[in-house]
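Please find the structures below.
Look for subunit A in each of the two complexes below; its partner is subunit B in the first and subunit C in the second.
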Partner chain A sequence: MPWLLLAPSITLLLLLIAFPLFFALYNSFYFWNLQMSPQPMAFIGFGNYEQALGSSTFMLALRNTLLLSIGGTAIQFALGLAIAVLLTQTLRGVTLVRVLLIMPTTIAPIVVGFLFRYMYDANGGLLPWVLQVLFIPLPAEGLLGSSTTALMSIMFADVWQWTPFFAIVLYAGLLSVPDALVEAARVDGASRWTILTRIKLPVIKRTVLIILMLRFMQLFNTFDLVLILTRGGPGASSRTLSYSLYQQGLIDFNIGVASAMTWIIVLILNVILAIYIYIAFRDWEW
Partner chain B sequence: MHRRSPVATILLYLALALTMVFFLGPILWFLALAIRPPETAFARPPVFVFEPTLRAIKHTFVDPGANAQHLTNSLIVAFGAVLLNLPLSIPAGYALSRYRLRAKKYIMLWYLGLLMAPPVAFLIPYFILITRLGLSGTYISMVLVLQTLTVPFSVWLLKSFIDDVPVELEEAARVDGAPWHTVMRRITLPLAMPGLIVTSMFAFVFAWNNAAFPLVLSSGSTTTLPIGTLGYFATSGVTWNFIASAAVAAMIPPMLVFLTLDRFVVRGLTLGAVKG
Partner chain C sequence: MAEINFDNVGKVYDGGTVAISNINLKIADGEFLVLVGPSGCGKSTMLRSAAGLEEVTSGRFWLGGIDMTNADPADRDVAMVFQNYALYPHMTVRDNICFALEQRRVPRPEIETRVNDAARILGLSDLLDRKPGTLSGGQRQRVAMGRAIVRNPRAFLMDEPLSNLDAKMRVQMRAELKLLSRRLGVTTLYVTHDQDEALTMGDRVAVLRPISSEAESNTQQVDDPKTLYSKPCNLFVAGFIGSPPMNFLSGRVSVVADRPTLLIEGFENTIALPGDALSTRPGLSQHLDKPLIVGIRPEDFRVVPEDSADGFSVISLVTETTGADSYIYFDLVAPEVSHPDITYDTARYDGDESSGHLRLTARVETALAPQSGSTVRLGISPDRVHYFDPETGNAIF
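Here is the complex of A and B:
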């Protein structure tokens, strides 16, 4: 009986993911440029994999992606935790702040891209002006036009959008920690920092792990922001794996190489996911 | 509680104000862009006070309404995705909540894994498949592939809501001889109705905010709001007022959903894993 209930969704999802995966697997062994032919053109074994892994841009994209996902997740967690603690203080207006704070998270990432492209604009954007007022030096090509700041600018937009997510979820978590536990620690003379890191966070470990995982994976797949803000440039300085894949497949129409990259990315993601599942879901009751 | 020093209190309020400015300021700045005179859009120093004008909003949605059709398309695609999502995810959420399955853990993790999949990896195969099926540029093609996002999310969230409905009520009905589908229809689902509504609203936001699929699968007449807005970047002399006007329209529905569901936001964002 339960299988009958699960069947419709599992069948549709299997069809929807099995097709792309097999499609990619098959074509990853063929030379195929969609502009030259509507069909795969020649069997070339692992040639596409060699080309994908051998190119310096792929390694750069992998480095950028890891930098973005690890850096972004860490900053958002730290900043979100600080705001969550701030929200637990008895202050007037704190409820209103909590309700409105989540707004950036609700916006479509592509729209956040529009917003920050306007904010970053080298000729009259608000952020360059703010930085100038604060005497912070800017690259002459603009924040998005310089290879030293392009990736950081993408990360900054993501931090803006998703820090509230961490803040709101961690705030709810901190509130759920039993008062008695905190009181006991305080009587024992524990500092606020110790109470936060040694008692509260371990108690809400499950929450912490799941949001870290969700965010890391979303950041790993970052595409919309790159598409709108930098198109991976200048050069390949802000290219992520997802954007590389898009460029290879839907701009250059190299379906063969893109298919090989798809499988490389899927394998990397599965390894990361497996590690996460092992850590985060070990003592999970289903 | 121990008392705070006045200095600490002032610092805390300062931090609170800074948080608000940092996270809401950019949104207000973009709202302002939609209603400010075009010549002030990139003024240096920035112009904070101006006479609002509805020209851009009129141009994008009324006359000639360049983006009105995109707005309709976004609504059709997002509502379509939610409608198809329900009959798929309700039975699955129910089964995972109510039945003992040895594979339950793996099924749940499989759904979760789908949610982590890189959408871009699916774009090329979907693009080619949909074209071969003769479905390119149709609403149904977008509604269909959006299920890879809405269904896994909804199954997780619905399971958590159905878990909250006391199983004793179902058992009582079953003792009275009601078959399982009657129990599900007459008892579980009505009691889980708030959860169904919350899940549908979040699924709507998921579908509404997705840009990768319409980017590749839509055509000029079926394209969604953010993708339709991309056209402005292609024209020379970027018309930022129009972009902001269309983008603000794209922001409003998800914001309203989150404000309405305030109590459930934490739960929704964590797939039901954190009750909030």
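Here is the complex of A and C:
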């Protein structure tokens, strides 16, 4: 009887997650290019994995992905926390800011991509102009055209879009900290900074750990911004693992290699998450 | 350790709500003073302004002779125990207790000694490495105390620290806390809404009441528990202190045949007062033959023999036994006494809505108590009767 009740969700899980994953696993051991055949063509063992890992851009894409996801998560958390702390103050206009803050998060990443393409435009874009005014040297190829700034530009767009998410979640978290705890700490002689770092943040640790994890996972799979802003270029300087996967599967139609890459990405991400969960949630119970 | 002094302190909220006003209260060094009153009487506001968590809008607050009116909580060197303990949930008991010492940059070895001492005093030594979430209510309460005593503060501020414990634990902790405070000799300001707690713990007790304008003062009476109980200064204090509360009746005192005599509405007989009643209570002479509010505590009724000429016969509606004593609830054919400070919160479950009946409570020895529904003859102790001016509500001494 319990199985009957669980059946619908298990069926859905199998159909939507397990099946595609295992279909990809199967394909990853075959040579299969859609331009040559509608069917897998030959069993080649770990050939696809060797090709994916051995390609000249794989390590670069992995490095970019890690930079983007770790850097992006860290910057967004720090900025989001600062904004959240400001939001908890009784300042003029805070209510309006709270409403406006959610807006970037509601925009589709593709739209954000286009928005920033115009903002980065070397001929009259907003950001190059701002940087010029501030006497910050710009690369001659433009922000998106230079291999030194392309990845950072992608990260900046993502920071713009997702910092408010951190701010809102952390703000809600900070509000949930009981006043009495803060008052106890004040009577104990703690400074504002100590109260934030030693009382408030540890109390909302669960929320913090979960949003850090969520955002890291999303950033690890960043694809839309890369597609719209740089297409992984110039060269492969802003290529992420997800963009490589897209390139293999939907541009080169190399289903075998794309399937192998899917599994490589799933494995890397899950190993990182497993380590994170092991360390972060060790003393989960209070 | 220090003397606490509220000098004409007041707090009005932005919306104009008056929380406290005209508070003048001196708490001697080492004294245990309890603030008691119904909700909204400003007792927590007083405590929180003493801690610096609430800004006062008028008056000065002195601590150990230093003006601390605008001082930050951190600079006041007071320790506070919160109602829900406010233990830091993510820290162990040890870290909770030493947090304040760390903030004050006390050297590590000294922190260790002081934490261990505090833990020993409170019986927490085995719990030091546990998190608050794994402790029982009583243990958490002791950790909260540990956090306060480890600091050797100038004063303890306690905000209903026992109200989250079950009844048995509360009584036990009451005694422990009192012992601890006497042993440490630290000035203590203790807030409670529980008058039993107030009377058993306080060296002195301040009874507060809610106020609506800045012209009034919250403090009604500040006295030692015995005086507070035996000589309440007005109807509010008389009605608030004592459980079950004092019975209020209408009456008057006249001189009949050279003898002061008390006439209570609804009583069969007049009551002869002691011959010196007017001289020991000079205020009464001015109220001769005028309407008075008469207060009788439940325990000042006594059972008299059925054939006695003294007293009056009543039917016990309900007899409740608490052990050695029993409460008798009975009705008297008399109007309810109307004064803003007297509230009859006894719901009339018998459906008898008709006024003209006054419900009273008597506390008598269980051995003499009647069964519910049967008749008993009650008398009163004339020298234990309280008199109040029906206009002002003030006690007549």
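A few remarks follow.
In this text, the second predicted complex is superposed on the first by the 265 of 286 C-alpha atoms of A that agree within 3 Å, B and C clash if a C-alpha of one lies under 4 Å from a C-alpha of the other, contacts with A are read in each partner's own complex, and residues count from 1 in each chain.
Everything that follows uses one rule, which is that contacts are C-beta pairs under 8 Å (C-beta built on N, C-alpha and C of every residue); 3 or more make two chains touch, one makes a residue touch a chain.
Keep in mind that this is a model prediction, so the values were computed, not measured.
The superposition on subunit A brings subunit B alongside subunit C with room for both.
Contact with neither subunit B nor subunit C is seen for A:Leu53 once the two complexes are overlaid on the shared chain. Legend: residue contacts after superposition of the two complexes on their common chain; A:Phe281 is shown touching subunit B, with no touch to subunit C. Contact with subunit C, but none with subunit B, is seen for A:Gly189 once the two complexes are overlaid on the shared chain.
When both complexes are overlaid on chain A, the residue A:Thr163 reaches subunit B alone and has no touch with subunit C.
Of the two partner chains, neither subunit B nor subunit C is touched by A:Met152. Put subunit B and subunit C next to each other and count what each touches on subunit A; the higher total goes to B.
Once the two complexes are laid over each other on the shared chain, residue contacts for A:Ile75 go to neither subunit B nor subunit C. In the superposition on chain A, A:Ala180 makes contact with subunit C only, while subunit B stays out of contact range.
Of all C-alpha pairs linking subunit B and subunit C after the chain A fit, the shortest spans 7 Å.
On subunit A, the surface touched by subunit B in one complex and the surface touched by subunit C in the other have residues 286 in common. Residue ranges on subunit B touching subunit A, taken from their complex, read 1, 9, 12-13, 15-16, 19-20, 22-24, 26-27, 29-30, 33, 41-46, 87-89, 91-92, 94-96, 98-99, 101, 104-105, 107-109, 111, 113-129, 144-145, 147-148, 151-152, 155, 180, 205, 208-212, 215-216, 226-227, 229, 240, 243-244, 247, 250-251, 254-255, 257-259, 262, 265-266, 269-271, 273-274, 276. Residues 1-6, 8-10, 12-13, 16-17, 19-20, 23-24, 83, 86, 89-91, 93-94, 97, 99-111, 114-116, 118-119, 121, 123-126, 129, 160, 163-165, 168-169, 172-173, 206-207, 210-211, 214, 217, 220-221, 223-224, 227, 241-243, 245-246, 249-250, 255, 258-259, 262, 265-266, 269-270, 273, 277, 281, 284, 286 of subunit A touch subunit B in their complex.
Chain contact summary for the complex, subunit A toward subunit C: residues 178, 180-181, 183-191, 194, 198-199, 202-203, 205, 285-286. Residue ranges of subunit C in contact with subunit A, taken from their complex: 51-53, 72-74, 76, 78-80, 82-84, 86, 88-91, 99-100, 103-104, 131-134, 147.
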